[in-house]
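Down below are the structures I want you to see.
There are two complexes below, and they share chain A, which is joined by chain B in the first and by chain C in the second.
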Partner chain A sequence: MSYKAKFKVWRGEGGEGRLEDFTVEVNEGEVVLDIIHRLQATQAPDLAVRWNCKAGKCGSCSMEINGKPRLGCMTRMSTFAEDETITVTPMRTFPVIKDLVTDVSFNYQKAREIPSFTPPADVRPGEYRMQQVDVERSQEFRKCIECFMCNNVCHVIRDHEENKAAFAGPRYLMRIAELDMHPYDVADRKEAAQQEHGLGYCNITKCCTEVCPEHIKITDNALIPMKERVVDRRYDPLVWLGNKIFKRSK
Partner chain B sequence: MTQTTPDAPVRRQRAQVKVRTLRTDRWWVVPLLTFLALSAFLIYGFWAIFDDSIFVDPYIAPFSSPCLAEATCPEGARLFGWAPIGDWYTLPGGLLILGLPGGFRFTCYYYRKSYYRSFWLSPPACAVQEPHGKYTGESRFPLIIQNIHRYFFYAAIVVGLILAYDAVLALVHKPAGVGTWVLIANAVLINAYTLSCHSCRHITAGRLNHFSRHPLRYKAWTFVSKLNAKHQQLAWASMFSVMGADLYVRLVAKGIIAFPFA
Partner chain C sequence: MEIERHEYDVVVIGAGGAGLRAAIEARQQGKRTAIVCKSLFGKAHTVMAEGGAAAAMGNVNPDDNWMVHFRDTMRGGKFLNNWRMAELHAKEAPDRVWELEAWGALFDRTKDGKISQRNFGGHEYPRLAHVGDRTGLELIRTLQQRVVALQQEDYETHGDHEAYIKVFAECTVTRLLKDGDRISGAFGYWRESGSFVLFDAPAVVLATGGIGKSYVVTSNSWEYTGDGHALALLAGAKLINMEFIQFHPTGMVWPPSVRGILVTESVRGDGGVLRNSDGERFMFNYIPEVFKDKYATTEEEGDRWYTDQANNRRPPELLPRDEVARAINAEVKAGRGSPQGGVFLDVSTRLPAEEIRRRLPSMYHQFKELADVDITAEPMQVGPTCHYIMGGVEVDADTGASAVPGLFAAGEVSGGMHGSNRLGGNSLSDLLVFGRRAGAGAAAYVDGLAARPKLPQDQVDAAREEALAPLGRDGENPYEVHHELQRTMNDLVGIIRKAEEVSEALEVVEKLKERVRLVGAGGSRIYNPGWHLAIDLRNMVLVSECVARAALMREESRGGHTRDDFPGMNPEWRRKLLVCSASDGSSVQVEERLQPRMRDDLITLFDRDELKKYLTDEEMAEFDGIAKS
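This part shows the complex of A and B:
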């Protein structure tokens, strides 16, 4: 069963632009990315959109559909009413290159600022011994497909551009949590999380979790546990005393 | 590729969408309902502090338990028959203790999300622009104080145990009373909410990196993690249960509810 849907799509370069109206055919089983491709094929051949796998695994086609960060390839047209006008815009937190394609290099910059996995100096590769329960928590975070929708929706930088320098965003705070929970990582992630990567900016409003296409519990399983670890290190005199008395390092 | 330069401020390079949000759903319903519910809780709590119908044998209103002040505690309402605060204290007894469970809820990670969204609109909903020009979150005073949460958790454990003790006393003295079962349900929900706390999850074993070396703590963490997944639901259920149980006891104490098995 096909019908004609009304679309408003952001067109423009470098931030300047406008929403353009389109009426386009929709067929049963299609997703928003299919419709964007049909627009390219029939009405707007120069419409720019980043995409790759069409299976919700590459994280390329992040966009905002009716104001919500979504993957274009995972948003079924059947979730909209046939008479509904669907608005498609680029991710709002990042600079626009063209149309729906944004410059997400902010995220790569933040990734580079986090020191990589740091094992103890006396343990060589091949000597790591750990059990599944020790790494299970971190493995949830490895499901991330780098769609950057969590960083896009986070109001700390979405509504406050000036915070970008001080705040790594949920994606990379989750990376820090992943490393801090690793049984063989010895780098001091807690101080860095708070001082250098802006964990304190997070007010745990959980939008990152709401938009994650991999359903990673970013707030509950990464950000809040990391905040608690920072409390251990910086704000809890009892833990400090316990560490001194029992000579605990971690 | 678009680059950030001093001549082209970054903000200008984002898509210049002129509206606060393009969301078409009713995103404002949840923050509005949250605002109303939390406001009702605060107003009720304020009223309950100054209401002195706190005890009708064997029920004690949860907002006034433990009853600590000699001057304001009826004989049977005292914890183990003991009132550690002498008769010099004549202000409402609730003032002495409500700061502890109140502080626990105020600094709770779930309630923080709720009131940051519904009261402070920071943000009111996902992908809806917040109205504030500047934002530093919990990185500095005053909100950095939220990190005290685990100390309120320790206090909340004690308060939860006292409410459970009150419920058991009611069960012993009036097993068929409706109030008994109201207090029992409330004690179960309050303690489940307390145990599902993120700080509890961290303290049980969340702070460890080698679960395999601490199997008992890992088991406890697994249990708390399951409860923690329901923290939001438990927060609401226990908030309504404590308000409902407290109101019920006060209405019985005032004689407004007076059926035989009240």
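This part shows the complex of A and C:
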């Protein structure tokens, strides 16, 4: 049942680092985060990793496993061959603090730039009446556990530091869509989505949707509809093209 | 070396539901507020809450009201609850839930557009406001977004997002500081850099959650190391009810690496049933005397209840958690367990697959991805897991104030509200109700102060030395000490306890204390988990000692405290609280104290026949006097 696996784990701090080799025990049913914890307990007590719930609910243990953004707690060791070397590195889009821990403050700064839920002034708490079908669209986006892997994988900022100032990333463009689709939100968010949060940078390659551990259809259900809402006022050739390509495949 | 220093009116430690609600309140009352938390903002353990927030809104059954909720809560806690807290909680929970909606929360809806409410163990009516099975995430995200909204307001007025409320994320507090008998601040370190930080503040609200990391099998995350419990003790406050620990009946049992992870009670609330290896719905054999008239005695009646609650009694799978956990434990011990050492929880034969995926999406996901089990097609295997501590800082019900002036507590770290056993769904509502009250209590306390207490330099120096000590030492691996503590508590002070075993645990804990003083951590101060654990161990050992000492003293079985050698409830013990203190800062003393008598208008909400099961003859005579007048 148990075997020794080969791991390469990125170790380093202060802008320097390298992949370090480990040979470590793996038991039945374990996930990558278990192996990282075993390394901490037996070989590298100061190995830095973020984690909390270990059940895919908090979005803390985002990392790149063999180059793919994954939650460490939801990546089962049984998905790898026993003789495969598994490479674990920190998320690439954010500056490394140490080992697998990155500085994700970019995300919190973007969260703050998006105007909050704005209900009508005359509805008091307890008076809200909404139909299930009307809240379901925004509920899908509120499943987001803020693992930030969509922002990490998005090519607009993954290797383009210069775009970070103008682009909120899929997570926060989806937040705008969530508020725009909230039955009681009265703020006008369409112009700002395009002008201030960089919706136009998105060229709907769906990388964000592919890595979302909550299986939220970020591109199809949030970003494209948001682009369509913007297009009511502006012409965006990508939306036109996107409609052609993606509507047809449905 | 100069230590980074910040001045605030109120410092809230912990950024789960209680901490955020307290901070929001303090800021809304105009106080400069800091939120200090060990993880990133929005990651707190509250995200793990699945089922919902209990609030008697009466949206699904109009017969529900605060009095019914109050009665359910007291029954669930076996009448040991602080009745004033149970009263405030039942009365205020609906307002707290509605308020979330005005801050952007999107709960599931009823047909007429109101907030939907679901059934849960021990609640007489459908009462839990929910969003699928991810209610905790909705709650934390809504509060997080409310904090951001307040920061945006502050930016408009003051040009600075953090003028009045700031989050210190990945920052751990290791000591509370006092000027004489009053709180004057807190000392901690940044996890990221390892450098120290000092908060100069007259009021501190503890909202640090629980202690589950002292056990091997637990649904709790690494953060649950009893920090607030220990900080309070070390600052001179008292803890009550520490012997009462809730073992949630349904944790995952396989694979080993996820053992303990929670399987929401909603599975049972929505129709799931428990079976043993003989295929028997064994809960029908475990309905205790005090609940006999409230639960179905046949499977047919239990099944009818899901569609007709007026004419049928609820199935015994929905007994309070302590009862279900003990029953599962007994079935496994009797050799009727599942292959991996639990029992079967089956919803696949009870609801259509589509409905299961809609109502229990994260359970579906969790089993599919972590255990290769499709819950729409086969049963889950589940067993008890350490989930929640009913005990905590003894506080004033109305303000959250502890015995130490300037120190407040709310949520799991506080004690009293849930008595000897918490009902599912009463935690999220507890966080909101008492988080708000503690924030308001702290704000009012600050308003009443004539002068700001001072930070004593000698305490700062001592705290600094204490935190640095493990780094310089060539000592034992902290992970090994932690593991031994977890095994000890799990095996000897677990779900079923006896005097010899608990005494043995106390001996081990005594030795572990010494080993904790000698653990060493290699590496630098930058994001060093080994060092962080070495510091947290002090708290875990201190709190474990409280649990074990109180468990040894209470010679009865009640709620989350089951003594093999004292199997029944004893009315004399119901009147007594066990109060822990640590006057010398390292060893725990426990003393008995009488509970205050329940207010007349509250006790008369119960039938005489029910009270008779819990109260002493003397108390019953008093009750008869009140009832007559």
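FYI, the second predicted complex is superposed on the first by the 234 of 250 C-alpha atoms of A that agree within 3 Å, B and C clash if a C-alpha of one lies under 4 Å from a C-alpha of the other, contacts with A are read in each partner's own complex, and residues count from 1 in each chain.
Simple rule for what comes next: contacts are C-beta pairs under 8 Å (C-beta built on N, C-alpha and C of every residue); 3 or more make two chains touch, one makes a residue touch a chain.
Just so it is clear, the structure is predicted and the values come from calculations on it, not from any experiment.
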**Q.** Combined model on chain A where chain B meets chain C, clash or fit
**A.** fit
Q.
Contact-wise, after the overlay, does A:Y172 reach chain B, chain C, both or neither (first, second, both, neither)?
A. neither
Q) Now for A:M130: first (chain B), second (chain C), both, or neither, which partner does it touch? A) both
Q: Considering only touches as defined above, state whether A:A41 meets chain B (first), chain C (second), both or neither.
A: second
Q.
Looking at A:F22, would you say it contacts chain B, chain C, both, or neither? Reply first, second, both or neither.
A. neither
Q: Could you look at A:P119 and tell me whether it touches chain B, chain C, both or neither (first, second, both, neither)?
A: second
Q: Answer with first, second, both or neither: which of chain B and chain C does A:I97 touch in the superposed model?
A: both
Q.
Tell me the contact category for A:H182 with respect to chain B and chain C: first, second, both or neither.
A. both
Q: Please work out whether A:D232 is in contact with chain B alone, chain C alone, both, or neither, and reply first, second, both or neither.
A: first
Q: Enter the shortest inter-chain Cα distance between chain B and chain C once the structures share a common frame, rounded to whole Å.
A: 5
Q. Which parts of chain A are touched by chain B and by chain C alike?
A. 13-14, 97, 130-131, 182
Q.
Touching residues of chain A toward chain B in the complex: what are they?
A. 10, 12-17, 64, 66-69, 84, 87, 89-90, 92-97, 103, 105, 130-131, 133-134, 153, 155-156, 158-161, 163-164, 180-183, 185, 194, 198, 200-207, 210-211, 220, 224-225, 227-232, 234-236, 250
Q) Which bits of chain B are touching chain A when the two form their complex? A) 1-2, 4, 8, 10-17, 21-25, 109, 112-113, 116-117, 122-123, 126-130, 132, 134-140, 143-144, 147-150, 198-199, 201-202, 206-207, 209-212, 218, 228-229
**Q.** Of all residues in chain A, those that touch chain C in their complex
**A.** 13-14, 27-31, 34, 40-41, 45-60, 74, 76, 97-99, 101, 104, 108, 111-112, 115-117, 119, 123-126, 128-132, 135, 138-139, 142-146, 179, 182
Q | Touching residues (chain side chain C, partner chain A) in the complex | A | 39-45, 47-48, 94-95, 98-99, 101-104, 106-109, 112-114, 116, 131-132, 134, 137-138, 141, 145-146, 148-149, 151-152, 161, 192, 221-223, 254-258, 261-262, 362, 365-366, 369-371, 477-480, 483, 521-524, 526-531
